[in-house]
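The structure appears right after this line, and notes come after that.
Here the chain labels run A, B, C and D in written order, and each chain numbers its own residues starting at 1.
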Amino acid sequence: MSEPLLQAVNLQCERADRTLFRDLSLSILPGTLTRVEGPNGSGKTTLLRILAGLNDSYSGDLLWRGKSRHAYREEFLRNMLYLGHRPGIKPLLTPMENLRALMAGRRPLPDKVLWQALEGTGLGGFQNVPSRNLSAGQQRRVALARLLIADEPLWILDEVFTAIDRHGVAALERLLQERVESGGAIVVTTHHDLYLPSMHRITLGGGDDHGL
Amino acid sequence: MTMASETGLPICTPDMSVGTLSAMKAVFVRDLKIALRQPQDLLNPLLFFVMVVTLFPLGVSPEVSFLREAGSGILWVAALLSVLLSLDHLFRHDFDDGTLEQLVLQPQPLFLLVLAKSLAHWVLTGLPLVLLAPVLGVMVHLEGNSIAVLCLTLLIGTPVLSLIGSIGAALTLGLRSAGVLLSLLIIPLYIPVLIFGTGTVMAASEGAPVGGQLALMGAFLVLALTLAPFASAAALRISLSNS
Amino acid sequence: MAFDSFAAFMAMDGHGPYVWTCYAVFFLLMGAITWWSLRQRRVIIAQQRRRMDSAPVRDERSAAASFTRIESSQD
Amino acid sequence: MWQIFHKLGSPKWFFGIASALMPWLLGIGVALFMTGIVWGLVFAPQDYLQGNSYRIIFIHVPSAFLAQSVYIMMAVAALVTLVWRMKLADVFVRSAAPVGAVLTFLALFTGAVWGKPTWGTWWIWDARLTSMLILLFLYFGVMALGAAISDEKSSARAVAVLVLVGVVNIPIIKYSVEWWNTLHQPATFKLTEKPSMPAEMWVPLLLSVLGLYLIFGWLACLRMQTDILAREGRTRWVKELVQARGN
């Protein structure tokens, strides 16, 4: 059995007088895809943001490879890739510049590789067009280009299929599948009917108003 | 149960990641590049600065004696207000398009990345004000020596304004009516810089030595450089937790 | 006793208005914040009691959306 | 050690202690304060320079003193909020801020009114009054930020950051305002600073300061209890408490 990358122990999160989840424990193992499910407002995005380290309003423990994530924050961040609802794309920069800026703090790559990555997400020919002239789906594809060159073993992807056309979705599913097979760990939320063999599910309820 | 590969992918240790300095440089360069693509946004605080200064001769008195006495104060207040006005965008666009999330998740100390952003903000707003100040100084009849000292105080003081302002911008991120709230929180903290900025020019115009005051303003700058990024980074994390 | 008579005490050698305004405003404001704090407490307790009396019953159906159009005639 | 600390942070524990403490705080506080001001108003001798207007000192100095120490207390609580995430510390910051603002305003108001017979004008840009005015701005900022953020935890931490930034600035502001003051007017006659104050003056002053401290303690406890009732409304002990109070 391989060692879990990320473990959550007794996570509890309240938001505006409502307990989103409590006593939630989970382990993210290498080579697995974990899908977080639940209706709107059940805290899927919140859970992903907590796992990624963007949201600090929780109680419970988060362990990165068995050690306190807080103490190993930089190592954790270097090995985790998060893509959220908002793609992190600057409208005034071109896809190339955006991708270069996003990689600059993690793993600078030669322009040739970035160019190919953008081509791989179907943005061939748009590499040097200002991003504000691109459609919402194309802007998301700029962010998704990171998945083609990322070396982070843990991916946390929130609503990754949003605004992507059917053909793109199929290709993206294939990418996730291959990544898992080669040992990557992925956590996703999606409303799209994603099914991969060996998929773990975490189902969040509709919340719980009373208690304690 | 699962098909988990026994080894998993290699883990990168922090020493394999990008150095903090080059990450800071990347943040700085990106902010500069974006700003230069939209030069109008750069010009606005400058125009505001000029207009506020113009209001005083029109609203109070165009007499040389009044302007000479009040000139340094007018320029400082106008500079302070135009920095304040520009603070709202410091993190807002990044917050809206998701770039800020990615910044917080970079494997470098966040306060240093925030410092890079604050410095970029200063280069884009504070520095142009310093460069424009001599022209306006002449227009309010300041003497040559006073203008030189004024520019020096602005040069030391405006980075402090950007740094302290970044705390307020980070605290009010994502709130309704953030602009007014930001001014409310930040103006009291700007008062010492304003006092020493104008006081130094006044002392200079009376022929007193100003080395001590300038050294003190330098101390403010050092203090702001060391403390403000920590506070802004903490505030950014809080604001992102809330979104 | 620093004063000979009550009138002298009130007048305070002409400084009376200043002194008494200060004291009046002081007690007024301190009284106001005390009153406000006490009132807030009463309001909160009443609110909690109301909330307990009408403990919300969660409607399970509300979660399942049907997206049925609501027909309303306007006449 | 850690256990005790945790217990200290428990709202339920605090609620009990506060309930037991409050009658004493209020009783002794009012007694001391009233003794102080009656002594000051009726029995203390007249000031040879300022006449009877100096009797404002018996409320001006306690207000000013408390206005500043409340901010310092809030800063300590803010540090606790950030480091240990203790809920009670934030409850204190939130409950104390309006009281601190009122006290700061009172210090300003009494100072201004005192200025009229002393300097012949209602407002003077005196170093003390000016830094009090800036302190009032800081209090307003804290209250405005606290009100603007709806999420309880984020609000607590954001306010804590602001309070700490403010407290670092207070000495700088004070120092710079004093320097500014000497720049614009030579040090003239200062309120409240006497070379030597006779015992008949400073003893009642001390009493009123102590009294107001205790009264503030009572007010803070009262407001903290209210805040706890509002926040912890879903816990069983609050429900039982509310049930027991009514009827």
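Note that in this section contacts are C-beta pairs under 8 Å (C-beta built on N, C-alpha and C of every residue); 3 or more make two chains touch, one makes a residue touch a chain.
Worth saying up front: this structure is predicted, and the values here are computed from it rather than measured.
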Chain whose average C-alpha position is farthest from subunit C's own: A
Highest-count interface - the chain pair sharing the most C-beta contacts: A-B
Chain occupying the middle, per Cα centroid: B
Euclidean distance of C-alpha centroids - subunit A vs subunit B, Å: 33
Where subunit A and subunit D are represented by their mean Cα positions, the distance between them in whole Å: 47
Centre-to-centre distance between subunit C and subunit B (centres being mean Cα positions), rounded to whole Å: 40
Per-residue overlap in subunit B, given as positions that touch at least 2 other chains: 238, 241-242
Residues of subunit A touching at least two other chains: 57, 210
Residues of subunit D touching at least two other chains: 151, 153-154
Residue ranges of subunit D touching subunit C (in the complex, touch as defined): 37, 41-46, 51-53, 55-56, 59-60, 63, 98-99, 102, 105-106, 109-110, 113-114, 116-117, 215, 219, 222-223, 225-226, 229-230, 233, 238-239, 242-243, 245-246
Subunit D - residues contacting subunit A, complex: 150-151, 153-154, 234-236
Of all residues in subunit B, those that touch subunit A in their complex: 2-14, 16-18, 22-23, 26-27, 30, 33-34, 37-38, 93, 96-99, 101-109, 113, 237-238, 240-242
Sites on subunit A touched by subunit B in the complex: 1-3, 5, 29-32, 52-57, 65, 74-75, 77-80, 82, 84-93, 97, 101-102, 104-108, 130, 151-153, 180-185, 197-198, 200
Contact footprint of subunit B on subunit D as seen in their complex: 82, 134, 137-138, 140-141, 144-145, 148-149, 151, 153-154, 157-158, 161-162, 164-166, 168-169, 172-173, 175-177, 179-180, 183
